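Structure first, then comments.
As written, the chain order gives the labels A, B and C, with residue 1 at the start of each chain.
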Amino acid sequence: MTGALTTTGTPGAAPPVRRSATTVIGTSNLRKRYGAVHAVDGIDLDVRAGDVYGFLGANGSGKTTTVRMLLGLVLATEGEIELLGEPMPRAGRRVLPRVGALIENPAHYGHLSGRVNLTLLDAAGPGGDRRTRADRVSAVLEQVGLGAVGRRPVKAYSLGMRQRLGLAGALLRRPELLVLDEPTNGLDPQGIHEIRDLLLELNRTGTTVFLSSHLLAEVEQLCTRVGVLDRGRLVLQDELATLTAPTGATLVQTPRPDLVHRVLGGRVLRVDGERVVVHGADPAEVNAALVGAGVPVTGLELERPSLEEVVLAAASSSADRVDGAAGRGAGR
Amino acid sequence: MPLLRPRSALRWSLVGLLVLLLAALPSLVGRLPAADADRSAADLRAAVLASGDVAFSGYAQSAGGLTLPLTDTFTGIADLFSDRATMRTWYRSAQDWRTDVVTATGETGTHRDATGTWTWQYEDDEATRARVFPLSLPIAPDLLPSDLGRRLLSQAADDELTRTGAERIAGRDALGLRLVPADVASSVSHVDLWVDAATGVTLRVEVFGGDASAVGVVTGEPALSTGFLDVDFTEPAASVTAFTPPPGADVETDEGLPVLDGGRTPDQSPLPAELAGLPRQDVEGVERSVGVYGRGITQLVVVPIPGRFADRLRGQLDVAPGAVLDDLGVRLSAGPLGLMIATGPRGATYLLAGTVTSETLASVAGQLPTTGGRG
Amino acid sequence: MIAVELVKLFRRPRTWVTIALLNALPVLVAVLLALTDLGPRPGEGPAFLSAVLTNGNLYPLAALAIVLPLFLPIAVAVVAGDSVAGEAQGGTLRYLLARPAGRTRLLVAKLVAAFVFVLVAVVVVAAVGYVTGSVLFGVAPTGTTTFSGTTLSSQQIVVRTLLAIGYVTFSMLGVAAFALFFSTLTDSPLGATLGALAVLITSSLLFTLDAASSIAPYLPTRYWLSYVDLFRDPILWRDIVRGVGLQAVYLVVLLGASWANFTTKDVTS
C-alpha cells in the first residue's frame, strides 16, 4: 500500500481536504467508478474526534465502497482521504494500526480458536507490541464477553460470538478510531444492548466511532453525528441534535382536534388524526391557551423530526431499485 | 472492469518489460554471427579425416525421420533412425572412448577400449563385453556427428564437395560442407556437414534424400540429422571412459550378430564382384558370404539369410505402407534407406540394405546368384 | 508476518492431509513391488523403480519420480492457489490488509509459506520413501549403482539425493508461482488451483508434441524430471542448469505479475 493514490489533473480535481484540528476522517471529492457506474460520486466526509458518526444509506448506496476506500482496500478513482491527519492509502502503514475495523461480516480462520485468531491478526501487522499481545488478547476477549470461550475453534461459534470476536479484533490495539460496518448484525437484543454500551463506553474514553449502518434506530440511539449516503452522494451530514432540533412547532395530542382549530385558528399547521401541529415553540403557552379554552390536551411536546423523516426527505429512493441510469454495479 | 490507474499501468509495464527482456535474451544469443574462414572443401575434408585423434567431450542429439517398419526384429535400428536420441560422449582416441545414450529413466553406455567394447544397460543391470566386429548393425554411437562425418567423407571425392558458409554450433564456429554423391545409384540427394573450424571435428550432419515416394520423406527436411549441442575440446579423464562392471550386475558376452556371421549360414554361391554397377568392397574380417558394395556414401550390404528369418522379416515388410512387392521380393524405401528381402528362384534369400534407390535394389536383386542355399 | 503465515499453514489440518495423501501412492507402490517382486520393464514406469528392488536406497528418488508428474504439482497448486484467494473467499483478506499487513509484505509472506510447504512436502516424500525403501527392500551392501554403471558410496548418494530434493523443490516453486499469480487474480481458490494445473497439463501435453518442439525448451514442465541426471556419472548438469534457469525466469515473471496485480487491485471480497 504505497504510492500515490490521487489521480487528479482532470477537471473537477479535488481541493485539499477541509479539516479542522479535530478532523479524524476527512475526504475530499472522493469518487469511485466501476466502468461507467459511479459507486461513490464525490463525497466530502467530515468525522471529528469524539464523534459517534452514523454513516447511513440504503443497501447499494456506496457505504461499503466508501468504508473500503477509507481503509485502503479499494483504491479511489479520484479524490483524497485523510485518516487521523494522514493521507490514505499512502500512510496506511502508520495510520491503520491506530484504527480498528469491522468490515461487513467478521471473518476468521475457522479451524483456529478465537484467541489464536486474534494473536495471528495482531502479529500480522505493525503496532502490536509482542510483549503485551497475550494480555491484550485476554483483555479484549473479556471486554466483548468471550472471556470464557476457551479453545473451541471459531467454526463452532454462533453468529453472535463471531460478531463479538470480530469486534474484539477491532479493539485489540485500543484504536483511536473504530470503523464499524453493521456491528450488531446477528446479535440478539441482549447482545445489541451490550455492544451499544461498550461502544458508548469506548467513546466516553476518547475513541471516535464511525458506524456504517442501514438501521436508523441503531444510529439514532448511538450517534452524535450523521451522514447520509444516497446513490453514491453524501446528501446530508450534520449533528444529530441539529437534524432533529425542534422545528419551532408544538405537537398537541388531543381527542378534539376540531376544538384546537377553533381556539388557535391560523396557528394550526397540520392535523393528523388526534395529533395537531401548532406554530410556536413554547408548549407552556400553547397548553395555557388550550386548557384555558377547555380543550382536552392528553399530550404536549415540542415537535422534532425523527431521523427517519430526515433521511427519507434527503434520500430519494432505495438504491436496490435499478432505475435506468443507476445501472449495473450500483450494488457495491 | 475498472480502468487501469496510472500506478497499476506502471507496475504492469514494469512486468511486461521484464518478460520482453527475458524472452528476447535467448534469441539474441542465438544470433551471434559465425565467423567464416576461407578454406576450400578439400582442405576441410582433410581436416575432418585427420580429426580422429582430437580428444573432446560433448552432448549430441540425433533425430531420424525414417520410419522403418520393423516392429519385431531389428527394433533397435528402427528406433535409431526414427527416434530422437540424446548422447553424451567422451573421446580420447579411436580406441578409447565412451558414448552414453541417455533416456529419462536410464542409459545405455558403450565403452571402447583397445580390445573391444563394454555395453552397459542400466535398466537391465547388464554389462556386455564384445570384441570389435568388422561389420555390425549400426548403434547410436555411430550417429555421433564426429564419427558419422569422418565416415561419410572418407570415400568422398573432392568434386562431390562444395563449401556452404558458416554457422554457430554448440558455441563454436562451424564451416559448412556439402556432399552431393555422384553415384546415380545413391538414394542420398546430399549431405550437409558443419565442421569445427579449429579442430576439424564434425559438429553437425544432415542427410537429405530419398525420392518423394519414399516413406517418411518430408521435402526440405533432413531424413537424418545429428549434431552437438555442447562440445568441449579438453581431453576427458581416462577414468571417465573406462568401465568395470558394477557389483551385482549380469555380465554377458556378445558373439556378434548371427545374421552377419557367415559361418552359420549355409553354403552360398559366391557373390559377384559387381552388382548393378556397384563395386564390391574388400572389408577385412567380413565373411565371404556377405557382400559390401558401393563407394563412399553409397553403400549396399548383401547378406544371405536363413529362410525362417527371411519369412519373419518379409511378414513385416509386406504389410508396411509403401512396400513394393514383385517377383524379385519385397522392397521398401524409408528416406534414403533402402531395404529389400530378395528371393532367388530356388528359395535362396538375401537381405539387401543400404543407401541406394529402389531401382538399384531391383536391379541388384535380378543379378543375385540363383543357386545354393537350403532356404 | 512470515511466521504468521507459517502458523496458519501448518496448523491447518488440510495441509497435513495433503502431505499424507501425497505419500500414500509411493508407499502403496512400494508395498506392491515388495509383495510381487515385479519391477517395471526397462524404459517404462517411473525412474529408479526397476532398481529399487535390489536397493532400497533409491526409493526416496523413486518416490519423487512417482509423485512428480501429477500429485506433487496438485498438492502445491492447491496450497499456493489457496494462499490469497482462500483469504479472499474466507473474508480474512480484508482484515489482514486493514490490519495493515502491507500488500507486498503479505504477498512475500504467502510466497515464503508456499515455498516452505513445497520443501516440507518434498522432504517428507523423500523421508517416507527412505523409510519405506529400507524396510521393504533393504539396502544393498555393495553401494548404489549410477545410471552409468559406476558405484556411489553412501555419502555420495546422500549428497546427490539432497541435490535432487533441492532441484525438485525448485521445480515446484514454478508451480507455486503460477498458482500464486492466479490466486491474486481470482477470489476462488479452486479457480486458482485449476488455473495452475491447466497450465501444467498444457505444458506436459505440448512437450509430447513434435509440432511444439520449437517452444519445448520454454515449457515450465520441460526439465522437471532432469534430476535423474544427477545419477549419471559424471553428473549431466546441462538440463539441470537449464531447468533451474527456466524456473527462475518463470518465478521472476510470475511473481512480478502477482505483485503488479495484487498491489493495485481493489479488494472487494
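Here, a contact is a pair of C-beta atoms (placed from the backbone, for glycine too) under 8 Å apart; a residue touches a chain by one contact, two chains touch by 3 or more.
Keep in mind that this is a model prediction, so the values were computed, not measured.
Asker: Compare the CA centroid of subunit B with every other chain's and tell me the farthest one.
Answerer: Following the centroid criterion, the farthest chain would be A.
Asker: Would you identify the chain whose C-alpha centroid lies closest to the centroid of all protein C-alpha atoms displayed?
Answerer: C
Asker: Counting only Cα atoms for the centres, state how far subunit B is from subunit C in Å.
Answerer: 38
Asker: Round to the nearest whole Å and give the separation of the Cα centres of subunit A and subunit C.
Answerer: Result: the chain centres lie 49 Å from each other.
Asker: Between subunit A and subunit B, tell me the centre distance in angstrom, where each centre is the average of that chain's C-alpha atoms.
Answerer: It comes to 83 Å between the two C-alpha centres.
Asker: By the touch rule stated above, which residues of subunit B touch at least two different other chains?
Answerer: 2, 5, 7
Asker: Which residues does subunit C have that touch at least 2 chains other than itself?
Answerer: Only 263-264, 266 qualify.
Asker: Residues touching two or more other chains, restricted to subunit A: which are they?
Answerer: Residues 75 of subunit A touch two or more partner chains.
Asker: Using the touch definition from the top, list the residues of subunit A that touch subunit C in their complex.
Answerer: 1-2, 68, 71-75, 92-93, 96-97, 99, 101, 103-112, 116, 120-121, 123-126, 169, 332
Asker: Which residues of subunit C touch subunit A in the complex?
Answerer: Within the complex, subunit C contacts subunit A at residues 1, 3-4, 7-8, 11-13, 90-92, 94-104, 263-264, 266-268.
Asker: Which subunit B residues qualify as touching subunit C in the complex?
Answerer: For subunit B paired with subunit C, touching residues are 2, 5, 7-8, 11-12, 14-15, 18-19, 22, 59, 88, 100, 102-107, 109, 120-125, 127, 229-230, 240, 243, 245-249.
Asker: Report the residues of subunit C in contact with subunit B in the complex, numbered from low to high.
Answerer: Result: residues 42-48, 50-51, 54, 140, 142-143, 145, 147-151, 225, 228-229, 232, 234, 236, 238, 249, 252-253, 256-257, 259-261, 263-264, 266 of subunit C touch subunit B.
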